[in-house]
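Both complexes shown next keep chain A, but they swap its partner, so chain B is in the first and chain C is in the second.
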Partner chain A sequence: MLEFLAEAAALAFTPQVMLFALIGLAIGVTVGAIPGLSGDMAIAILLPLVFVMDPVPALGLLVGIYKGSMFGGSIAAITFGVPGTAGAAATVIDGYQAKLNGQPNRALHTALYSSIIADTSSDLVLIFLALPLAAVALMFGPVEFFALYVVSLTLVAALTMGKVARGIAAAALGVLLAMIGRDPITGGLRLTFDIPALSGGIGLIPLLVGVFAVSEIIVQAGRAWMRRAERTVASIAADAEKSGYDVAGDRLDWRTFRSTLRATFVGAGMGTFIGALPGAGSSLAAFMSYGIAQRFSRRPQEFGRGSLEGVAAAEAGNSATSGSTFIPLFAFGIPGSATAALFGAALIMMGITPGPTMINDNMAIIYALFIMLIYANLFNFGISKLLLPLYSRLAMIQPHYVLPVVLGLAILGTYAASNSVKDVWLLLAAGLLGVGLRWFGVPLGPLVLGFIVGPGLEQSLRQALMLGRGDWMHLLQSPLAIGIYLGTLAILVVFGLVTRRRALHAKEA
Partner chain B sequence: MKFKHLVLATSVAITGAAGMAAAEFPSEQPIRLVNPYGAGGGVDIAGRILSSVAGEFLDTRVDVISIDGAGGQEAINLVRDAEADGYTLLLTDYGPLVTTALREDVSYDLDEWVPLVQITEVAPVFFARADGPLTDMETFIEIARDDPGGISVGHGRHLSVPHLPLILLEGVAEFETTHLPTTGGAQALSFVLGGQVDAGASVPSTIAGGVGDGSLVALALATADRVEALPDTPTLQELGYDVVLPAWYTIFAHRDVAEERKAVLEERILEALESPSAQALAQRSGTDLVLLGMEDSMEAYQTTIANLEAILADIDED
Partner chain C sequence: MKHPLSARAWMHRDLGFAALLVALGGAGLLDVRFGDWRPGPGGGNALVPAVAYSVLLAAGCVIALGRLRPGWSPDAQRLHVPVGIVAGALLWGGAFFLAVRHVGIGVSTTVLIAGAIWALTPPVDRRPGLIAVIALCSGLAFWVVFTQLAPILVASPLLF
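On to the complex of A and B.
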């Protein structure tokens, strides 16, 4: 263990790796701050680059992007009231109010501190839980894996906020798309409609980049009015600034910071827990911890009116998912979120297969990743503290300057990954699919998770049936699997009750 | 006299031209080594070993191009459609090239391909948990004969390199097991270790660690000779079962490429891979270089085709 730590530290603390982590942070904060661009999108586009790089610097780059974008999202949320990323949606509630109240600096600093604290605690949970959980995972055979896959798909769909039916539909569509190509058991072709290009299945890269990035670009390009909307937001912002902004009064002092700590801890705990559940996203974590922090607050009436506690709770809840979201991936090889799925894809491209044996087989690299997760937080803190005054300008970069560049990178990256023009067509088709889904308000996360989880789901089901000689009851003969099903049911019931109560409260208020 | 001069002149001209052609190939134009897998896999790494030492021995660059579209057919078609000038070569194992061709409609005949150099040989190996009842291959076969289908074997993908020897062995030794396709060797290993599956079929690099720490027992190899990574494991041939079906990673040229060019490529590639720098790279990436020239790799290619034809015919009968 100790020699691995030394080896891992030697890998993680090279100037090259640290430089890549810094570059990643810079990219991450930038894409996070620009509404419409996200960290997932940047990671998807950079995937092809990952396999020409050494694993450790590549992971450093990805970790940097992920963490940077997590915080970057709150910049636009606080400065303009536009969430830079989905996770920052809850930050808008109090963050933008605080800004309008003349406290942008306090709100940004609160967001930064609570982000870093929650992120670090979540990383520590990952580090200390992943290894013991991976040991348990060896007890998992096809029957138990099938249960886990069912659970993650159910949770993905059920926890899609307010859109359960659409979430299920999107997940099912993802599974269906993943079935195109070769049957995993017999190797025969299926669902290819005699199109030779489909005989190898749909590639992960064209699908991910297409659905996430290209569709966003198409949507944004079609929204000329959005610029006008943004100008309005900017002029409101300017008005607020003219109305007597007190620079001295807008400094985050220790007492105010301490008053937000309780909310930060609530958010860190809640976010870590929700992040570890396969399928629950960072925006859900942010809203849940916002609600709970309000209940525990001494001044709940200030929530929604620029409460710094509200900012801290939302940001902590959002950022605390960033470590724990990797727990299912590292322990069982099942990605619990779109980001984890992207990291899983990157690991596979580096020749590292996520799953129970991954940590043992790649001890040095995984521990180097753990070390980077922690020091990226420190970097993020240092740089962000220094550059915070400049960051709010990032959010003003007009998307229409950036998007064409992103589209070019997406096409180039996809082509480079497979050397195939067919994948570029697939990319554009996936982009159109993404536009269609957005049009009908279908969430994209469940689709991608369904696509990634689908093959494992099918394979484990058919393996379990083969071992059980075709008897479906074989699926219920493992106490572990039964425990997993019951646990999921309990989580669904609890979440159902909580959401219902919150909805009732909202009505009364 | 005049006639003799003419003959001499002509022969000088001919040898001169031939000499020039030999000197020109390979020229500065890079050689494209196309493989049907994504970057980072075993075949891709084998190609990159050659690529990193090529400059010195082939006088030109070797670009490794990974195209995993259409189950590998896209890569094969690219090489087939390229000009047969020796600058576009195929690096593959038998899966996409031979197995697919025998099972599905493909654009080529198997005898269109001429192996130039075999880079490595991968040994299929059967294994089980050390504390289980399957202590050696004889016991395994005995139990499987007594209870057909009672033993489950995780073997990687359907008709993959470790799966085919299992089918072949069942025919030769007359027993039956439950074949469990897995996503690869890692999953087969974790199911065997976890006790959900009785035995596995994979390659030495997957199980060497488990055999070393005593948690696994390697039952038998489907190769002609024992392998370095598992020195105590017998081959099936030693045990009296004629099952030899190793996988190879081999560089192929299309048969229309001129014979002199094939010869030049064979010689230079072998020289490059025998160099100390290539050996060092191979060791670092865990690739076991088992180099064969044109003649021997052609034999390996044809043996594989014959074996696969037999196995697939057997499956179709079932």
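On to the complex of A and C.
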């Protein structure tokens, strides 16, 4: 083990890798701070470049983008009341209010500290949990893996708040898209509609970049066209400049920070747990952390009025998902979130197959990734502390200056990955599909998860049925599989009860 | 762009989506039943598509029933993207790719990005100098990345 750690440290601490992590952080904070752009979009667009990079610097770049965007989202949330990312939506509630109360510096520093604490604790949980879970997964056969695939798809759909049927439909659509091309067992073509270009199936990169990035660019272009965002940001910025601001009185002292620690730890625990559940997402984690921290707070009446505890809880809940969201990917090969799906795609492109054997087969690279997850937090802390006063300006960048560049990068990046003209047209088609699904209110995460786990799900189901001589009851004859189904049922019941209770409370309020 | 939508329009959109899912699921199941699928071990290659089509059909029915239920209320906000922007963005993407392949990366990127920023910027806010700088820097960066660092295959373009 120590031998691998030394090798991993030698890989992770090279100047080149650290430089890429820093570049990633800069990109991440920038895209996170600009409303409409996101870390996922940046990772999706840069995925093709992973092909031409060594694995460790490429992972350093992606980790930097991810970490930077997590905090970047809260900059726009606190400074302008516009969440830079979906996960920062809960930060707006108290963060922007704190800013209006003349405490933007305190709110930003609280967000930074709680984000770093929660992020690091979540990374540690990942590091210490992924290996034992992967060891358990090595005992899994087709029946157990089928149970895991079904459960992750169900969780992704069921935890998509208020859109269960849409989430399930999106997952099924993703599975169908994955079925296009040759059947891996019989070799027969299916769902190609006699189009020769589809016989090789749909590539991961055009689908991911198209659905996540191109559709978002089109939506943002529509927003820029309508000029709504500009007016909002401009008017909020003008309001902020008009109000009086006491710089000296807006410093975060140790006593004030200590008062937010309880909320930070609540957020860290809740975010880590929710992040590990496939499909739950950082937004849900942030809002649940916020609600629970309010219940445990000595001053719950201040929540919603600029409470720094509220900022800490939301930001910690959001950031604590960053490490644990990789647990299903590293232990079972199942990406539980869009970000994990993108990292999974990057690993596949590097020749590393996510799954139970991934850590053992690539010990040095995966431990280097763990080290980078931790030191990226420290880099983020140091740089953000230094540049915090400048960060707010990033959120002022108008998206219409960036969108055409990003779309161009998405197109040429996708083409560069395979030099396939077909992939570019598939990318644009996937972008159109993404816009269409968003228009119908369909979440995109389940679609991508369905596309990624589809082949594995099919393989495990057909193998299990072959082992059971066609008897479907064979799928329920493994105690491990039954345990997985029952555990998921318990999680769904608990979430259902919590959601119902919250809805009742909201109605009463 | 999100904007409040009337409950009726919201319901029509949802019912349209439900109908789309039911049609897709139904057509898929008919294709699985009567189409040219290869039987094989473990249910054959039609097994998972059949399950997925059934799920689509069921999800469509659930969405439709949910919307027709009395007391249902719409979400406060919905996504709205002008059709022209969707078509424009896709056409721009296709034109950009073709131009890169036949004209050259540097020139195509500079011209098309400048044009797109110009079109998206409200006339009162247009700053030609800034747009030119962004377009030229993008053209240079794209040229460096896609000809030197991660070269892409292009048939001898007219320019650079």
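One rule holds in what follows: the second predicted complex is superposed on the first by the 495 of 509 C-alpha atoms of A that agree within 3 Å, B and C clash if a C-alpha of one lies under 4 Å from a C-alpha of the other, contacts with A are read in each partner's own complex, and residues count from 1 in each chain.
The rule we apply is simple: a residue touches a chain if its C-beta (ideal position, glycine included) is under 8 Å from a C-beta of that chain, and two chains touch if they have at least 3 such contacts.
Not measured: the values here are computed from a predicted model.
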Based on the superposed arrangement, let me know which partner A:305 touches: chain B (first), chain C (second), both, or neither? neither
Just chain B (first), just chain C (second), both, or neither: which does A:474 touch? neither
After the superposition on A, what does A:466 contact: first (chain B), second (chain C), both or neither? both
So, does A:199 touch the first partner chain B, the second partner chain C, both, or neither? first
Touching A:262 in the superposition: chain B (first), chain C (second), both, neither? neither
In the overlay, work out which of chain B or chain C sits against more residues of chain A. C
Once chain A of both complexes is superposed, is A:355 in touch with chain B (first), chain C (second), both, or neither? first
Going by the contact rule set out at the top, does A:454 touch chain B (first), chain C (second), both, or neither? second
Looking at the overlay, does A:423 come into contact with chain B only (first), chain C only (second), both, or neither? first
Set of chain A residues, in rising order, touched by both chain B and chain C: 51-52, 185-186, 419, 463, 466
Mind pulling up the chain A residues that touch chain B in the complex? 51-52, 138-143, 181-182, 184-187, 189, 196-200, 203, 348-351, 353, 355-357, 418-420, 422-423, 455-456, 459, 463, 466-467, 469
Going by the contact rule at the top, pick out the chain C residues touching chain A in the complex. 1, 13-14, 16-17, 21, 28, 37-38, 40-49, 52-53, 55-56, 59-60, 62-63, 66, 75, 78-82, 85-86, 88-90, 92-94, 96-97, 100, 105, 109, 112-113, 116-117, 120-122, 125, 130-131, 134, 138, 142, 145-146, 149-153
Where on chain B is chain A touching in the complex? 38-41, 65-74, 103-104, 149, 152, 157-159, 178, 180-184, 186-187, 189-191, 193-197
Within the complex, which stretch of chain A touches chain C? 48-49, 51-52, 162, 165-166, 168-169, 171-173, 175-176, 179, 183, 185-186, 188, 190-191, 214, 217-219, 221-228, 230, 398, 400-401, 403-405, 407-409, 411-412, 415-416, 419, 424-425, 427-428, 431-432, 435, 438-442, 454, 457-458, 461-466, 470
